[in-house]
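There's a structure below that I have some questions on.
Going by the order they are written in, the chains are A, B, C, D, E and F; count residues from 1 in each one.
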Amino acid sequence: MEDIEHIEKEMKLIGSDGRRLDGRSFDELRPIRIEAGVLRRADGSAYIEWGGNKVLAAVYGPREAHPRHLQDPARALVQCRYNMAPFSVSDRKRPGPDRRSVEISKVISEAFSSVVFKEQFPRTSVDIFIEVLQADAGTRCAGLTAASVALADAGVPMRDLVASCASGKIDGVVCLDLNKDEDNFGDADCPMAIVPRTGDVVLLQMDGHLTYDEFQKAMGLSIDAARRIYEMQRDALRRRYSVTLEDILKESPPTAPVAEERPVTSEEDFGPEGI
Amino acid sequence: MSEEIVSELMRAHIYRLASTGQRVDGRGLDQPRKVSVDRAFVKTAEGSARVKLGNTDVLVGIKMSVGEPYPDTPNTGVLSTSVELIPMASPTFEAGPPRPDAIELARVVDRGIRESKMVNMERLCITPKEKVWILFIDIHVLDYDGNLFDACSYAAVAALASTVAPAKSQGLGDDFPLPVEHWPVSVTTAKIKELLLVDPSLDEERMADARLTVTTDENGDIRAMQKGLSGSFTYEEVKRIIETAQRVGRDIRPLLQSS
Amino acid sequence: MEDIEHIEKEMKLIGSDGRRLDGRSFDELRPIRIEAGVLRRADGSAYIEWGGNKVLAAVYGPREAHPRHLQDPARALVQCRYNMAPFSVSDRKRPGPDRRSVEISKVISEAFSSVVFKEQFPRTSVDIFIEVLQADAGTRCAGLTAASVALADAGVPMRDLVASCASGKIDGVVCLDLNKDEDNFGDADCPMAIVPRTGDVVLLQMDGHLTYDEFQKAMGLSIDAARRIYEMQRDALRRRYSVTLEDILKESPPTAPVAEERPVTSEEDFGPEGI
Amino acid sequence: MSEEIVSELMRAHIYRLASTGQRVDGRGLDQPRKVSVDRAFVKTAEGSARVKLGNTDVLVGIKMSVGEPYPDTPNTGVLSTSVELIPMASPTFEAGPPRPDAIELARVVDRGIRESKMVNMERLCITPKEKVWILFIDIHVLDYDGNLFDACSYAAVAALASTVAPAKSQGLGDDFPLPVEHWPVSVTTAKIKELLLVDPSLDEERMADARLTVTTDENGDIRAMQKGLSGSFTYEEVKRIIETAQRVGRDIRPLLQSS
Amino acid sequence: MSEEIVSELMRAHIYRLASTGQRVDGRGLDQPRKVSVDRAFVKTAEGSARVKLGNTDVLVGIKMSVGEPYPDTPNTGVLSTSVELIPMASPTFEAGPPRPDAIELARVVDRGIRESKMVNMERLCITPKEKVWILFIDIHVLDYDGNLFDACSYAAVAALASTVAPAKSQGLGDDFPLPVEHWPVSVTTAKIKELLLVDPSLDEERMADARLTVTTDENGDIRAMQKGLSGSFTYEEVKRIIETAQRVGRDIRPLLQSS
Amino acid sequence: MEDIEHIEKEMKLIGSDGRRLDGRSFDELRPIRIEAGVLRRADGSAYIEWGGNKVLAAVYGPREAHPRHLQDPARALVQCRYNMAPFSVSDRKRPGPDRRSVEISKVISEAFSSVVFKEQFPRTSVDIFIEVLQADAGTRCAGLTAASVALADAGVPMRDLVASCASGKIDGVVCLDLNKDEDNFGDADCPMAIVPRTGDVVLLQMDGHLTYDEFQKAMGLSIDAARRIYEMQRDALRRRYSVTLEDILKESPPTAPVAEERPVTSEEDFGPEGI
């Protein structure tokens, strides 16, 4: 295995035609497919396939926070648990949270904290569960993007959806949305998430090596991509609540629409476009 | 959480219906829900299957690695089954180390596979006493609508049947499918007062007095049993449940075998 | 060690005379000795020697269940903790519960739940502790049998005692009460527990390979044996509460009788024989 | 749980009696309870002893296995002592990882054995730096009526003295009894106000201000000491307690040695 | 614990002052507190540094041992960073396994050092695939007055720079200083409403809406970033914060480098 | 490493001149330096250097004990947590409490329990934190000595300070205050702590091999040393609360005196000398 990696390290990640190994150009996203309302027990849910990533998100709440001493008398808690299934990566991951999962859970919780109208639901918690079923780099962005749709599906009032995408640097070139090989053998990775309507940055992490100029190029790519992803999120919600309900994900047929009882969010909150 | 308690009204309704041989979802008492199987859902696993039993949704991934055998079974591979009842699947599931429910579930699924000798574990020995294949069955419950014993067992069996051992990447010759030799099928019956209901839904399960899981093989022989909950069965009931398990098992087995 | 086991695998477990290696016939129990009231602090206790098994059982309660949020306002909890001492098996067992112990604790708790009059003691718990001091297969049946006597010794009102025994298959023959070698190298094991007065099955597990016919033979043997064990349980309780208190277990002399203050159970509950 | 608190009345009674040199169970202040020792109680262990000290009932099993020495003691076997205060023994004991009480108890018993060089651990070295015998002292408290320090120590010493190393099954020559060279005896004294009581019963222990455990060897030399509880001793009291421990130790030692 | 909540009055005061470009301790908004570095505080460690950032007081010790590399990086040493938020340092810290706050802190400090390639980890390989140096960065927070991200990072960098590998005691040639090649400096900015404050004190940190930590190297290049807290930044704010981090980093770097 | 130790085992720990390897005589303490009030957040604190030991102690409280069910309605809890930094010993120690730390925490808690006026602060806890930053044998005595000063610095009312010192036996000679080599290769170690004003023994442990005579010699040395250490403790408190505040520990300047608001203890409680 080490030999293979060694070879790949020597290998160019960008070909002479300027294309990446999977054929994408530097500013091209991997294929993304989002489905809202895929689970029955959860209050809201979504499934995303993003390149080789397969991620489920579910939302429960607002529900009574427990244990009680965690309750905030002034607002809802927004709590995310990001988890990787043991079989989602090439070397089996032991079940349960590792340090990486704990950190990702924390930054995703914080990202959603700024968009959920927490003050409307004191003493409750909004619980977001992200399960990575198959991983191919960028799982936090995929999970965040799906969780955003799951929150809307659960009818949790929000200022806006959150859309997320990473950019990075491979072979010295700033590129959008690294896949696993690009992430492993690249020079930098910079996941971010924004509130598309305002452009506010709610998640930002970086590791690797970027000049200030490169960082700005990366952010430019990510912001642009996040706006495209935002459209996909809204499409997924439109399909979910449309009259002709498409049974796209054969294994997980969406349950009956619940839009009547749990409005996703009000027109005012969500901007002129509605959803 | 109030939704978690089956209302008295619902309990009465379920029982009244069942005492006339009917169930809320239209099934007969000895009829399981629809089983659908999606194989090879997860590419990062050596094998996988997503099974829906009614609205219960379970994903199993199989990972294989090379390790040491147990000292007392130096010539056989190692089988390790674990269940995560992730909080995504139900408002009653909590994150954290597995609780008794999840441990019992994992052990009963494991016994059904192990005791039926579904996979010939001796053929997973590489070098006796030194190197064997280790088979991890990881069960991820995604959506919980009752009867996890059977749903998890079906998903594990289907996933094992689709598993290809990654021998080549380990320098151990060509990849090969697992040596599957038997086909265990688990069938769970719940007892509500004096009535016996096969494949209980969530509401039925919650009002059940007792539960009996019977795993039979392709010959109808019994490979594993587990009684649960705080009620009891008469011996006659036990026998009826076994006969039903043999019959229902015959119906479900092909769904797990076909690819 | 592996070689020895290999030899034993080839070895016949049933001789040409139809006898098992320890000389028993197929329907013969190992020697069993039960003693009630062997501990001072516990509310009730019993000690059992069953073949090579040495098992202690103790009962505390009904006592206030804690932590409080576990209390059931309508009935008592029946909670069993089955535990093996580190030195009770040939390879030292690490202290603390393993997955096997957790499962056994659960099925034993459930077995007693159906006989204890739980509704008489809301908000309490009846705590059953089973300690395996020396193990030789069949420890859950031995523990359950002893715990039943300990519950009676503690004066916990019950519909009846619970009696337990396993049967299995060795060398293709259905046999009663497997010992350790028979369990290790046999074909099937099927522990069960019944309420003797009614024949109700309160515990039933099986692993291995039994045809339906063989299962019925095994159950027949076990049910018959459980009725004999029931007599031994009652004998132990009679000795415990008799005028001439026999000091059978020299190391653990029974303490003074407490039958006056804590009646084991009423005549109605326990059948015409009383105890 | 109310029984767990010694009533004011009982406290007054115990103290009044003790101030006249008497105790509830008829002993004198410097007199331990009856010690009974049952060896070889557990056949699955390499050695065992069940000790009753009054109504306190403790079972110790010794297991031996072969493993690696610690890097800083390459020529000596490994000794590992653990105590389980199982909830069977007392309504105040809880299941779970050992709490500070159990940890202190295990460490004090361990020190008495280790520091007295009771077992010649260097003779448990098989191959320096590579293979040594590992000696597990597992202490199971069955019934708790006070003074676990001494009861556990007696059971551990008696169990070690009855232990036969299973060398043959490891291909390491003939089985052999542990090389026992010294005989530590632990004697614990409780202080109630100004009074000193040897081998406190449960009620005495619960009202004690301070506790001092002194382990002496067959020469009367001190091998380990441990002061406990939130009260204090004068230096004069410490000296009296040591002298008592030497004397009581001489009485109890033969009970642990004889087989 | 009441002292743990910044009073409304204090919050108003801090904000009012800040909106005129001032801070309670006299600093300007983009000015960090005084940094003092005490190297080689701990002789039992291979390297150490005690850093005070204002009243925040952090001690880092570096230990090195020899072990196996990770299978996927067979030619590089292993770096392991952990933070203990010991209850000594703040009434809000509790003993026990690290909570999400401490885990994030350790990971962000670790990334700053790892991603900047401060230490050439390939030169810590002894025998590829078999033996490498393992570098433990243990961060002990002694007194908490805000901005642990920067204080811990400074102490870790200064400690690494003072570390001498104990090669001789391992029979691996002469002792040698760690091969330090880059100098990452972490600069954290807090956002309070629309204002940006560098190196927030405890009171400032507690009322902050968002936090951004930027680690730059000696060329001003970005090596790691971490946004925290539940507020958000505009992209323009992010850029201003990076520029400030580059400038402040240049000022602080010499303090970490000099000995 | 083993070889080195083997050599040292043969090595004499006491030279022909009767001096120990570090030049001390049998009844000589290592250099000790104590500083009170070295931390800002803690209610009281102290730092001690004792030979090669560097130990910090901090005190919080009396403050509300939590979790609540631990509260004692009649008195304060005195709870100590002794902890070694991973880098404080030659082989890195894994973070978190090991069995040794748990035991030491317990005996130190008990030692202070007898001097703190607990009845004045029902339902609270006095939390003592001892951090060993660099260890060289005798850390529990050093920690206890520092914690005592930290308690006084926090203004916790006490009958007296507690002073602590160990004695032991090396090369057959009873000696005061063993250092690391002496502890590792010596014959016995006997840490103790007393209340200097009364001589009451509040901590006493011993392991090794001492005749009764040797024990008395050891105790004599320790008691005498504890009285000298008591003076150093009081000096540290005097410096801390004096007008001319000496900035001895450059890295940890003492914060402003708080004696006005939190009197260390009353004249009556603390003896005629006051502090």
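Quick note on the criterion: a contact is a pair of C-beta atoms (placed from the backbone, for glycine too) under 8 Å apart; a residue touches a chain by one contact, two chains touch by 3 or more.
These figures come from a predicted structure and were not determined experimentally.
Peer 1: Count of steps on the shortest touching-chain route from chain B to chain F?
Peer 2: Steps on the shortest route: 3.
Peer 1: Which one of the chains is farthest from chain E, going by Cα centres?
Peer 2: Checked the centroid distances; the maximum from chain E is C.
Peer 1: Tell me which of E-F, A-E or C-D has the interface of B-C again, with more than half the contact pairs shared?
Peer 2: A-E
Peer 1: Need the most distant chain from chain F, centre defined as the mean of C-alpha atoms.
Peer 2: B
Peer 1: Using just the Cα atoms, superpose chain A onto chain F and tell me the rotation angle to the nearest 5°.
Peer 2: Rotating chain A by 120 degrees superposes it on chain F.
Peer 1: If you average the Cα atoms of chain C and of chain E to get two centres, how far apart are those centres in Å?
Peer 2: Computed from C-alpha means, the inter-chain centre distance equals 59 Å.
Peer 1: Where the CA atoms of chain D average out and where those of chain F average out, how many Å apart are those spots?
Peer 2: 28
Peer 1: Please report how many Å separate the Cα centroid of chain A from that of chain B, as a whole number.
Peer 2: Here chain A and chain B have centroids separated by 31 Å.
Peer 1: Using the average of all C-alpha atoms in each chain as its centre, how far is it in Å between chain B and chain E?
Peer 2: Each chain's C-alpha centroid was found; their separation is 49 Å.
Peer 1: Name the residues of chain F that each touch 2 or more other chains.
Peer 2: Touching at least two other chains: 1.
Peer 1: Would you identify the shape of the chain contact graph, picking one of line, ring, star, complete or other?
Peer 2: ring
Peer 1: Could you walk the ring starting from chain B, turning first toward chain C, and list the chains encountered?
Peer 2: If we begin at chain B and move next to chain C, the sequence is B, C, D, F, E, A.
Peer 1: Which bits of chain A are touching chain B when the two form their complex?
Peer 2: Against chain B, the touching part of chain A is residues 1, 39-42, 52, 54, 56, 58, 60, 63-64, 81, 83, 85-92, 95-97, 127, 129, 131, 133-135, 250-252.
Peer 1: Inside the complex, what are the residues of chain D that reach chain F?
Peer 2: My answer: residues 71-72, 74, 100, 103-104, 106-107, 111, 114-116, 129, 212, 220-235, 238-239, 242-243, 246.
Peer 1: Please output the residues of chain F touching chain D within their complex, sorted ascending.
Peer 2: Its residues touching chain D are 1-2, 5, 78, 99-100, 102-103, 105-107, 109-110, 113-114, 190, 195, 199-212, 215-216, 219, 223.
Peer 1: For the complex, which residues does chain E have touching chain F?
Peer 2: 1, 36, 38, 41-45, 48, 50, 52, 55, 57, 59, 61-63, 65, 82, 84, 86-91, 95, 97, 136, 138, 140, 142-145, 169
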